[in-house]
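In what follows, chain A forms one complex with chain B and a second complex with chain C.
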Partner chain A sequence: MKVLTRTDLEAVQIPRKKPITGARAIAEAVKIADVDVIAAYPIRPYTGVMNALAEMIANGEFAAEIIVADSEHSQFEIAKHASAVGARTFVGSSGVGLLYAAEAIAVTAMDQLPVVALAGCRALDDPGNFGMEWNDTLFFRDSGWLVSWAKDPQEALDMTLVAYRVAEDRRVMLPHFIVVDGATITHIAAPVDTPPKEDVTEFLPPYRPHYPLDPAQGPVTKAQHIAPSLIGPEQRKHVDVAMKRSRDVIAEAWRDYADYVRRTYDPFIETFHMDDAEIALVTMGAYTVNALHAVKEVRRDGIKAGVVRLRYFRPFPAWDLEKVLSGVGGIGVLDFSYSFGSPDSAGVVFNEVRAAMYGNPKPALDFLFLGGREPKPADFVKALKVLHKYVRTGDTPEGKRVFWLTLRGEDV
Partner chain B sequence: MIEERKPSPNVLEDLFWVVIHGRGVWHTGSSTTLARVLAMAGVIAGRESYYYMRYDDSPERVNIPMMFYVVMGNPRVEVLLPEEVEPVGRLFNAVVVMDSVSLLKETSQRATLFDGVKDDAVFVVNTGLTPPQVLALLKKYQLTRDWFGKLVTVSASKYHTNVAFGLIGALLRAWDVVGLEDVLNALEALKIDEGAGEAIASAYKDASVTEVRIHAEESGATGRVGVKTPEFRPGPWNVETYREYQRALSQARSYEDRVKIMPRWEAMAPGLIEFGPPPGGKNIGFKTEFARIEAPVIDKSKCVDCKLCSYFCPDGSIDFESVEVDYEYCKGCGVCARVCPTKAIRMVSELERVEGLNDPELRRLALVTREYGY
Partner chain C sequence: MSGERRQFKSVKEVPPEDYYTSGRRTCAGCGPALAYRLVLKAAGVNTVVLGPTGCMYVANAHQFLTSPYAIPWFHTQLGGGGAAGVGTAAAFRALMKKGKRRLEDVNVVVFGGDGGFADIGFAGLSMGMSYDYPRLLYVLYDNESYANTGIQASSTTPWGATTTFTPSGKVRRIGNERMKKNVALIMAAHPGVRYVATATLWPPLDLMNKVSKGLGSGGPSFIHVLVPCPKGWFTPPDLTVELSRLAVETGLWVLWEHENGRFRLTYKPSPRKHVKNYMQLQGRFAHLPASEIDMIEEVTEREWEIWAEMDRTGKLMVP
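This part shows the complex of A and B:
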């Protein structure tokens, strides 16, 4: 048998898309953004990003200061301080690691430092649970960070680039979480088109800090200690206004980004089959693709269902959500978060969605997927069927509004 | 040319799956290379292609069994790829086994190498053993059902220090979802060096392909065919129930059985209570033998009974009184052999200890590109 070698082959067009993991895709975005300071501390699934960045720096492909901290708390402090000095920074963690860094995370927003951080969703163990749950990131929903949720490795890359642009915008100046579902995005290698750096330099020029700590430009004090009675509400109002303004800045940034990379995204909400939908699944993150699959399944049986994906959790796109859901007869939230003892003992996302729909309330059910156990494609089909029946008849199994679909045992 | 297949009710069955079984750290790099090259070849061949590690495994830990999946769409993948593939169905078209010790073992997460595998699957084994020897091992330890596929054996470290390339060449002999041309172009796209292409091409030529037709019940496939999983009905969560639970779990013969045994939430005590063994007893729920590639063998004629091995064993797997190795818990780290003053302890491959077989490929386990990724 003749052994084939590469010289025997016809030249083929090598596709620009290469299979890389979500962790690697985010690292590529950090490299393209030419970040100055990276603070690292290992925790699955963030470790993948940290390793990829360390490898790029070691190979001489990328020059940045990478500081391996002694803990997540120090890690977020490093990013915060580097950002205060005027560096473009990247940091990230997951699960209980994020919670350990909570002090630094809260203060970063109040100081309005445009740190971009990865949150790789991971269950809050004990014991060593590294499954996917949203509660680690949702601990920070009230803290003044922008929070966006990616669907796949490609979007994680794009979102990271856009995050720097939005966070550093003079009108905003808020830190930004890029949230990716642990394992399902960070550790699956999918075909990703990495834009060449030249293509996005104009979209994301080198960072020019608005108030650098540079004696040559005159002394500046940041985050000085001041009595609450003197400055408390005013500082909060700054963050509040920045968050409100971010809505326009985000829309503008995604519009701009599309011009540079020829990939378009609806900035806040992605919808599928919503034109004629009678019921809708609302969700975030990687499992949207399974929700879409479930919708295709039930549409074969004549159930008109659609999918609504929130791309941002903060600012919460209540304005868009109310619009896209105005025509449906019922909403089912695919929820990977919990809030024990909350209204209806439901998930965080469910109660946020209900609050957003307060002016135009709809029958709503919550489908919980907790503890990191993977839902099967059939679970979402079941959710749609329960919702469909509820909208038609007003009945649900045992009159429940909240369902634990992956639980072993009685769902009481 | 991408052939059309009739869609099946389980969308995952319409995909092309390769699963890779390897050992933490030893094979993390080569498995990544193998998966990445195949996935890139898939993209070049016009299929949407993914690869991923099984997230539940710990490939950053030496010797721990771990899995990679490579998945190709036809041409698109329309659902999120599951971490736990086994309960979803029989999906795998091809199985790559990076070392022959893995043929012997149940692992921590999977009952057998045939979990989730299609009946006509291709098995590619990196080994210096002959195909009949490999088949005998598969029958004895793994096979639980009929298998009408192909077995390809290759001694992959002959072709390249990274065993991925030899294994890709061998796989392509029996699995044609991507072609040799696609793979060579993938090397180009990923900027992998020239020697890789030659390694793949030579292994493709040399690999030995055996057609397999085994009816599990008739052919002496003793494995775990016909072994019934014990019933487990949990009572109140106490020591006895827990022991019963552990016993049932340790005798499960497939992933599905294990899932069936897992208790409902009502049966468990708050705070995830587990019960330890009585003093001096063994914890049957936490056997660690699956992590062993090499095993210590004690030559009693040289042993002076100094007890150093027992003192130094990090897992307490060497008994103090009799200085015997407990092979249910020994992870094969080799500390005992290092500390033995009279060289009475020798590390031999697990395959040699259990089956008396000598696989030269096991001695060439090479640490190539480390990529932990976690």
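This part shows the complex of A and C:
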């Protein structure tokens, strides 16, 4: 039987902390943010958030236009155009749904419209698969969207509120993905503190666009076709500068948020046991918890391991990552993404981490969890042991650098 | 929010203001440009215009950083017209209901081409017509091909027309072998739809009055506007309006409206001219032998029996 710690006791004593699913938690954030237009289309597992929002609106908990779209492409177009008028918007999808919307997703960033979307990660077809992979969301790696990755329902709620603040900041004006590791977060309940609306009104003031598409504000022509020589590079640079500026805006937003809700987060990177770590697992999202359990287990055998969790994928916190990893002898990436034919035939996140560490390279291994098969606790322990041995001896099983940990049969 | 339904009884009543003006590079004799001008004159200043990709996206700017729009305008993706209209209308409704914007009638006009509304954006258009947003008007400007990319067939290209995807060759002689999709009839078949109509550049007041009726109908509306395209139809630029008139007088383009569940013809050609009067002016039909044109005349004659019956009964049928 688990012995309750002081933190656990506090959790049950705070009356406003209730066990709700991640989908419900994000819906609560959308309600607190007083979102005006929501566009829904069903696909598992993200769709729970839309079920929750539809119920809230039907019961008069808050007022918003909720559109049942004919496709994900329409969903993201609806959100984009509502945002252009001056509405605060919410949208989302999973897996192939995100890819169906890809065109609309891409232009939203180039239009610099602060749409906030939930990406509930799901393995891509074919074959159809309810499992979790990161490849759906990482398709939008290069799109100009801000991308943050929540580890639990509480953080998903907090990230949603912060996302609106950052996306709508005049220095940024970019759309924002809140990413959760599929059903692990959307469908699993955890204690969540939902801040009262009054507590965050000042933190998140109403959205006031610069040049809304509204006749009351006079004529404006948006996204007119251009000859590439006219403003092609300048427009791209505009988005680039917004993304670069978001770094400070994100840090500032999380600092402010902590003042309002009395919950603090390191904005970009969360670390565990990194003070004396000789090896580190780098990951994102919900499975950080499994990594942490594995670290505790191997530490009993004297292996000094730590965990580094990226909270943002875009902007990619290379500056912080290099700092927190500067003291370790080797890195293992826990990777639910893959890029066929990429350098070393490895994961998307692995190659991003390696690129971030280019100035201070470390021995690095990629541990893959692909095709949606649920990892076992032993997989994480194995990853740590392989990495530990690699750092000590330079040897890995069969000399490999990339391991398909959940694969049955030969990993060729 | 029910709106005014201003009707223009004569050309003298047409407002002098234009919201679609200079600052574009449309072709000489461009039918869509004339349609844009008339539609926006009728819609007035309190209007947001949305433009899915199409020839009227690229032709309305590109060369210089100019805009022909004196009212708010925003691009949407080729398949995004239906959703763009819904998103825009939903934003106005939400902001007004929640007291974030003053209460007012704002028109949302989405101009989709035949590619944008009959093909890639067909589902989105259907979705838009299934909602209840007032003052949301979808205008299909139908020049019967993908005219910007070099005249490729769409699902509204008429049977027998040559396009770069459906050329008339030695073995495949006819050119386009698909029948023109009747998008307006499909839109009228949506449940509870208040106003659906067809129009062309002639008579111009017919188009403007239909715009006014659609916007004032209390729900989403749809107007299918046939617009001659000199580039794609291989016609002289000075014949654009004349071709519109002939399309109506030969009965190949049927002017009708479907208002609150009742169908009626808004123009009955009498006597109806032979379709050759319209087709022989166009290079895209030049390869068709007289026998094929006579066959189209026969089909048109048979279809007009149905159109006449629809006018009599006020009910939708499929010709």
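In the analysis below, the second predicted complex is superposed on the first by the 398 of 412 C-alpha atoms of A that agree within 3 Å, B and C clash if a C-alpha of one lies under 4 Å from a C-alpha of the other, contacts with A are read in each partner's own complex, and residues count from 1 in each chain.
By our rule, contacts are C-beta pairs under 8 Å (C-beta built on N, C-alpha and C of every residue); 3 or more make two chains touch, one makes a residue touch a chain.
Note that the structure is predicted; figures quoted are calculated from it, not measured.
Novice: Assess the superposed three-chain arrangement around chain A: do chain B and chain C clash, or do they fit?
Specialist: fit
Novice: Go through the superposed model and pick first if A:Lys17 touches only chain B, second if only chain C, both, or neither.
Specialist: Touch status of A:Lys17: first partner only.
Novice: Contact-wise, after the overlay, does A:Arg300 reach chain B, chain C, both or neither (first, second, both, neither)?
Specialist: After superposing on A, A:Arg300 lies clear of both chain B and chain C.
Novice: Determine, under the contact definition given at the top, whether A:Pro219 touches first (chain B), second (chain C), both, or neither.
Specialist: A:Pro219 sits against chain C, while chain B stays out of touch.
Novice: Go through the superposed model and pick first if A:Pro206 touches only chain B, second if only chain C, both, or neither.
Specialist: Only chain C; A:Pro206 stays clear of chain B.
Novice: Identify the partner contact of A:Ala227: answer first if only chain B is touched, second if only chain C is, both if each is, neither if none is.
Specialist: second
Novice: Once the shared chain is lined up, is A:Ile78 touching chain B (first), chain C (second), both, or neither of them?
Specialist: So A:Ile78 only meets chain C here.
Novice: Quick check: superposed on A, how many Å separate the nearest Cα atoms of chain B and chain C?
Specialist: Chain B and chain C, overlaid via chain A, are at closest 23 Å apart by C-alpha.
Novice: Find the residues of chain A that appear in the contact set with chain B and again in the contact set with chain C.
Specialist: none
Novice: With touch defined as at the start, can you tell me which chain B residues reach chain A in the complex?
Specialist: Going through chain B, the ones touching chain A are 11-12, 35-36, 39-40, 42-44, 48-53, 55, 78-84, 87-88, 180-181, 184-185, 187-190, 197-198, 201-202, 204-205, 262-267, 272, 371-374.
Novice: Which residues of chain C touch chain A once you look at their complex with the stated criterion?
Specialist: It comes out as residues 45-48, 50, 57-58, 60-65, 67, 69-77, 79-80, 82-88, 90-95, 97-98, 100-102, 104, 106, 123-124, 126-127, 131.
Novice: Give every residue of chain A touching chain B within the complex, in rising order.
Specialist: Going through chain A, the ones touching chain B are 1, 3-6, 9, 12, 14-15, 17-19, 21, 23, 44-45, 47-48, 51, 126-127, 130, 182-184, 187-191, 286-287, 289-290, 292-293, 296, 374, 376-377, 407-410.
Novice: Quick check on the complex: what are the chain A residues that touch chain C?
Specialist: Touch residues, chain A against chain C: 34, 36-37, 39, 63-65, 67, 69-71, 73-75, 77-87, 89, 103-104, 107, 206, 213-227, 230-231.
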